[in-house]
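We call the chains A, B and C, going by the order they appear; numbering starts again at 1 in every chain.
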Amino acid sequence: MARNVTTTRKATVTVVAWTIGIAIFFPILWTILTSFKTEAEAIASPPSFLIFDWTLENYATVQERSNYFRHFMNSVIISGGSTVLGLIIAIPAAWSMAFVPTKNTKNVLMWMLSTKMLPPVGVLIPIYLIFRDMGLLDTRTGLVIVLTLINLPIIIWMLYTYFREIPGEILEAARMDGATLRSEIIYVLTPMAVPGIASTLLLNIILAWNEAFWTLNLTAAKAAPLTAFIASYSSPEGLFYAKLSAASTMAIAPILIMGWFSQKQLVRGLTFGAVK
Amino acid sequence: MTTTYRAFLGATALSIVASVASAETLTIATVNNGDMIRMQGLTADFTAQNPDIELEWVTLEENVLRQRVTTDIATSGGQYDVMTIGTYEVPIWAKQGWLVGLNDLPAEYDIDDLLPAIRGGLTVDGELYAAPFYGESSMVMYRKDLMAAAGLEMPEAPTWDFIGEAARAMTDKDNEIYGICLRGKAGWGENMAFLTATSNSFGARWFDENWNPQFDGEAWSNTLNFYIDLMNDAGPPGASSNGFNENLSLFQTGKCGMWIDATVAASFVTNPNDSQVADQVGFALAPDNGLGKRGNWLWAWSLAIPAGTQKADAAKKFVAWATSKEYLALVAENEGWANVPPGTRTSLYENPEYAQVPFARMTLDSINAADPTNPTVDPVPYVGVQFVAIPEFQGIATAVGQQFSAALAGQMSAEDALANAQALTLREMTKAGYIQ
Amino acid sequence: MATQHSRSAAKLMISPAVLLLLGWMIIPLSLTLYFSFLRYNLLMPGTEEWTGFTNYRYFLTDPAFFAALWNTLLLVGGVLLITIVGGTLLALLLDQPFWGQGIVRVLVIAPFFVMPTVSALVWKNMFMNPVSGLFAYAAKAVGLQPFDFLAQAPLMSIILIVSWQWLPFATLILLTALQSLDSEQLEASEMDGANYPNRFVFIVLPHLARAITVVILIQTIFLLSIFAEILVTTNGGPGTASTNLTFLVYAQSLLQFDVGGGSAGGVVAIILANIVAIFLMRMIGKNLDA
């Protein structure tokens, strides 16, 4: 970019961008602020922005009432597990569709995406019955399986579009140098595809972390992740906004922090055909 | 609070260490209402008496919980050992044989001490199938200062006409004072609980003896029109999405002159920590129209044990503990009498210390005024005061609730809402086979 | 390039994915199909009986069915419109140099991380509540009557909430596509005298075509089955103003534990969703080819 950007222009853009950024972030900011208010303060009108009695009582209550750490670990295991499993299955599949395409590849891809069209509400009972018979209810294994399967189409698809960008000649060159298929994938493809894999990995972790239908319906006490933790604070009787804010802050903080540190990766990988 | 917490930690540590070999774990599904959460905080008492039983909690919002436990018990999923259910589920589930009978609880449990109305709602064919944790009815909560300013005095047992008059007199919309706050949010347990109970006092019923829906009758028309006119004149804006919590917020911040809702709300609105009007609240029975039935409802959150569980004995011990006289005393000792789970035992209301709680007597009177086996003026083929204890009711009532909520929001006339309600109820009941 | 060896290897490598997804699709789907022909209520087990197409008949003649269909299309279309237009504008903005780019990027991405139920609750209670919400407060501060979002414009409110959740996703994808745009092309056209709108329409937009396609496809899949936000805010009401197809299936089946009816609804929803997908692929699928 050889253009000379004037300072005025940069300043204007800065102001506009920051205003919009804060406006978009505002609901989250409000939630975090509310978590430090008392319940009475949380519903007061006119609402107070920064001047109020800051208190940690909500966090104390939440910590006392439910086991944040166990829910957190469950979320980590379930999101991480389903992502890793998904990648293991998806990378070979995406490779084969990107580099050895047949006339059916497009259709197979569309079919895979269509499996995501199954409305979970309609298949809850069949899945519940199957899981009950297989002893998978309220297990992290069961959840990992379900989350892998529902996100697999997305993972495959994103990897596929990313792999399509990688020039096949490099892989061919490696093969002609005598590399086996396995080493071709592991030693040549993967390093080149790291940004794409990284961003797919991050996207999948976020999707699995926030998935609130299967995680709520297939777990009881042992495998309940943070989504259940939050659900337990949504009460129809009695004030709860401040506590819910505290619980939500505790639930989104890890992923917000992770997002902060990995946003460069996220951005780098999602090029979708624009890298030439 | 901290002592309890430390004791809880200590007891847990102790129970983990001491009972690794023979620990039985009970998974308990419960609603996240204040009283249940209090119970969770006091379980150190239980584990001290029963060191070989460990407790795992699943706490969820009422509707989600209901869906989960029903799915589980109907498919014999076996995920829960103790379930918190209400007077709606017990008759249906007991008929299916899904619940363990509780008539064989030890003698000191004193089953005859349970309030007759509540016990009746939880008994099928003479066997108690769930132990009541807390019971509630509905009543009028009003602002004594606003009533006085309007020059009116609330009788103990008001009529709906008086309520209408008082609400309109107290309303001052420019100053954000609304004469009455009522539920408007759509849902079978939300606006329809209130409207069904109210309709009983207008002489209406959901179905006649042949299961024909009655929304095309005069009684329901009177109910709905009275409700909508009252809310338009004296209710807060956005009432059609207000449920219990929204009205609670409104009342506690001083914006409501009256609020007709669950008796458990009384402990919230009189709590000076949360409520700005804690010392100005009066109570009265739910209103009537002189037809013999008042507009109050009956509900009891109760603990039940799914049939086929391997841990029936441990579960019974827990259920007995949580609903015993000793538990009530434990709460009183730790949190004060105002926070004792109300509405289950006669002995509680005979206790002179509890009588000092301002809403105790009105709660008891309200509960006793409700009769789930004869909820309406004319005979009906169902039980339930603010619901109909058939499985299809949830879906039907939620759909009807949406129609009434839309009418309240001004999106359709009351006549259209009633016509729609009639049509869809008829359709569903035919589909389910009640009407041939 | 595709030798015999790599073709069979390829088939082998794709088979786990295909087999698993096939299993995931077929087993629940066939069970659902089977249940849809039964009269099966969870609360009355043992009374199942074959009823043919009765469940389908009831679902399709439900007066709420067409409303739900229409609402679903409006919901998906509305969110797509807002997120793609908004996302493009935001991407253009964030592509410019300014101070604190990294932080603003995180601020903009943050909504995507929040659980849908939580964001719905926050929007409902803290913003849209006509008595104690922030929007009401702002309206009163300038002397206007507060607007009752969830009662007067339920579908629009839900579209707003969902757009807020998905805007980050669209922005992110469009931004990365934008950042790989060759600036020389742009500069050359500028020197040739093309003004900004022309440059945008003829150079930037075609370049973004593929990214936009990706956003549309992925978001449509998720938006067709929006559920949590509706449950938490309006419960499908008032009336059926904010009921979409998924919520209708829920209200019909889970609420009444009518497994037969719910399964029929689920099958109908799958068929309709696939029709939408085929339409989409026809319209924009060619953008996916390099």
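A few points about this structure:
Rule of thumb we're sticking to: contacts are C-beta pairs under 8 Å (C-beta built on N, C-alpha and C of every residue); 3 or more make two chains touch, one makes a residue touch a chain.
All figures in this text were calculated on a predicted structure; none of them were measured in a lab.
Annotation of chain A and chain C: jointly contacted by B, touch as defined at the top. Top contact pair of chains, counted by C-beta pairs, is A-C. Taking the mean of the C-alpha atoms as each chain's centre, chain A and chain C sit 15 Å apart.
Separation between the centroids of chain B and chain C, computed from CA atoms only, is 36 Å. Between chain A and chain B, the centres computed from C-alpha atoms are 38 Å apart. Shared interface positions of chain C, defined as residues touching 2 or more other chains, are 42, 131-132, 254. Among all residues of chain B, those that touch two or more other chains are 71, 75, 249, 253. Annotation for chain A: residues 43-45, 124-125, 129, 231, 234 touch two or more other chains. Those residues of chain A whose C-beta lies close enough to touch chain C in the complex are 1-3, 5, 10-11, 13-14, 16-18, 20-22, 24-25, 27-28, 30-31, 34, 43-47, 89-90, 92-93, 95-97, 99-101, 106, 108, 110, 112-127, 129-130, 149, 152-154, 156, 161, 164, 168, 172, 181, 206, 209-210, 212-213, 227, 230-231, 234, 241, 244-245, 248, 251-252, 255-256, 259-260, 263, 266-276.
Chain contact summary for the complex, chain B toward chain A: residues 5, 27, 29, 32-34, 37, 40-41, 56-64, 68, 71, 75-80, 243-245, 248-249, 252-253, 262, 264-265, 268, 273-276.
Considering their complex, residues 39-40, 43-45, 64-66, 124-125, 128-129, 132, 137-138, 216-217, 220-222, 224, 228, 231-240 of chain A touch chain B.
For chain C in complex with chain B, the residues that touch the partner chain are 41-45, 54, 58, 63-64, 124, 129-132, 146, 148, 150-152, 233-241, 251-252, 254-258.
Per the touch definition, chain C reaches chain A in the complex via residues 1-2, 5-7, 9-11, 13-14, 16-18, 20-21, 24-25, 27-29, 31-32, 35, 42, 90, 93-94, 96-119, 121-123, 125-127, 131-132, 134, 136-137, 164, 167-168, 172-173, 175-177, 179-183, 187, 207, 210-211, 214, 217-218, 221, 224-225, 227-228, 232, 245-246, 249-250, 253-254, 259, 262-263, 265-267, 269-270, 273-274, 277, 281, 285, 288, 290.
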